[in-house]
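Here the structure comes first, spelled out in structure tokens, and everything after it is commentary.
For reference, chains read A, B and C in written order, and residue numbers begin at 1 within each chain.
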């Protein structure tokens, strides 16, 4: 459903809801546009006329200041007005449906929604209910999708390892089960033809075979990291411990944390990635996070041009850059 | 008091506090200006220079994301800087008076305040305490006033039924007692010479005769809706049930909800209005809300030009449109 | 440490962290720049190109709507994009360190941080961890520093009493122990060579001799106010009573409140100052707060040019005004 919803019949992008089923040419177009936008992504006034007079609403049914901020700056640097609509302090609490909330704000003259929701599929449902001219970007739904995070991870990987992913060995490690970031990353790695995709985590924190399609599965972190070109570490939510899914943070760090010793097993020039926010000393050692292999802050920086590219293509970029 | 406060001695609008006592020519001027502003209300950059360099502060002592957002976009589309000041996270909790809060923000160079407050009359009191040059728009005080909602309802009604209200039958239905929207609507309908104003609700949710001046009162919804040109439905706050004012939501829907069957009793071409947020299946049936008679999203859209018109006139619109 | 951190080797300002150790010429430069910016500080579009395309982030680990709003407007009036990042609703709660939060936002292309933190020294630590090109303004840390409040107080004093402070008698009165405002004021008064600095408060609400260096200490408010040119009153936090540090608000008002009778003991033309938010009838009488000697709202208004001056100098003001 989502795949047809996010593409026009002629193959152009209408919404950005999921990397699942997104054709490789569209995915590459987003990355290429992001590269073109990079010189303007972290500041400057050059593109303030590009989408001036249009309005972006960040509609968050689940709080996330970091992701919201990244979208807010991306939209503002393209000249858009930005309306932050935080539903935890709004009328949805008053019994209004999520779709009525969206339609109400849409009627105020909003061109683009950036939506986060705790339920799987909720963002696609909202996109399906929006007016034909309205555009939607999924900023994270349930455990399912976080497409702009997946794109910024691919952009970062491409900048360091080149556009041909066929010879790459990439590891995604940690709590894959609960991670929408992992799902979007695995989908993008498959689409871009990554040579070897490894997944490592405790057995009870790995998802079923459909999610892990095409991946080599490890439960031993030392073996998993051997010879990889990139290690994408996932955040361990502290509630996993309260839920009894992880015996202790110390034990998790010992078995699955990316330590300097483990990183030494990776390929020469391997890069270390993390979507943030990090738990230092849990899934990643502080020295690794701050070390020369870490590209974690580059990922954050790449979030800007990637989000600008998505906005630009969805709104029908008229002017060349 | 409010009437003199909101008009200059020469009859021009100084503040917009209430539709009570607002002369018909001023009310019509606001609607006419809104019509002129409509082409620019939902986006575009044409009016960004109109009030550039001036600052609007939304000062909300009671949370409301929808109304605040509408004002925020209206002010931004006229070029203003917007400061959202949410008092639930501010220093009023620290023992500061509301007037000291207003004066403090005013001293930062704020030209216009949009104020919501839970107490009747609180916004007018703040307007009375502001500097002579400062303008105030009431975004809702207690049960008393919500003038821009009343104006946008009149604009919507006028667009569908024409400027002559003398032959119109209009129904305001539901919890009139607790509704500032209903009070502003009734005041505006009287000022504009509406031919027949009907009010319908459970006896314990209707206000005293002063509020219902000039209205025909019904307790039977089937009879009330008979032949009306517009049905303005009011939101039923869920706390009315906890307060024992309504036996059950199902019973309320059965007796007072606007169902398709009831709507069939209205005049041909009758329109259905609701200020939002809606309780589907309580005061209004979902099919009615989404049906061809519903102008609910047009009301939301009209909120933008109406609020822009109020801002424009209060700030002394210098340039013709 | 802070002193070296906030000045470049050539003496120019890199961060604004504390008035402690800030050389008099730099302090005077900030005040002079603020005077130049004043005509543009409360509105207008003249300076919108000055820092256009640059981004200011208000990063508040402790809530403060007033101070944040003042910085937000100051940055916007210089043309900056402003990102408000409230950590109480953000990922620091998720176990992320404050420095990781700062570095993440920094990577999104933020040029200037305005930071408030409840812990003494936390803002300087964050400044020390920021990238070389990033600028930091301390918007209040613990009990230690509130440099822009100190500067705006000095600007207000200078406007009323002239640039030569050597003949001035200034009183700082109230809960000096817990006040970062008092510390910044005392530091600035010493730097600018104030003739006589008096401090008055209950013995258990006065700090140690290091903070009170160069001050004359009073516990009798009548004596303290005698002949002063300015009385700077401090806010009494209501929790001081719960902590048992103050027997009652009535008793505090009787012994230390600035009443009309006490104010009559001050020098002719003496001014009354307060950083806000005020507790009327506790540390200050309502009639004094609203009276002709009060410059409290001028202080608020001066916050804008002072903050614009700090931003302007930190970002390397290129164009003359």
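Everything that follows uses one rule, which is that contacts are C-beta pairs under 8 Å (C-beta built on N, C-alpha and C of every residue); 3 or more make two chains touch, one makes a residue touch a chain.
All values reported here derive from a predicted model rather than from experimental measurement.
Student: If we look at subunit B and subunit C, which chains touch each of them?
Tutor: A
Student: So subunit A and subunit B: same face meeting same face, with over half the numbers shared, or different?
Tutor: different
Student: Cα superposition of subunit A onto subunit C: how big is the rotation, rounded to the nearest 5°?
Tutor: My answer is 120 degrees for the C-alpha fit.
Student: Mind checking the centre-to-centre distance between subunit A and subunit B? Centres are C-alpha means, answer in whole Å.
Tutor: About 40 Å separates the centre of subunit A from that of subunit B.
Student: Name the residues of subunit C that each touch 2 or more other chains.
Tutor: Answer for subunit C, listing residues that touch two or more other chains: there are none.
Student: Which part of subunit C faces subunit B closely enough to touch in the complex?
Tutor: Going by the criterion above, the answer is residues 41-46, 48, 63-66, 69-70, 72-73, 76-77, 237-238, 276-280, 282, 297-298, 300-301, 303-304.
Student: Provide the residue numbers of subunit A that touch subunit B in the complex, in ascending order.
Tutor: 52-55, 81, 83, 85-87, 89-92, 94-97, 100-101, 103-109, 111
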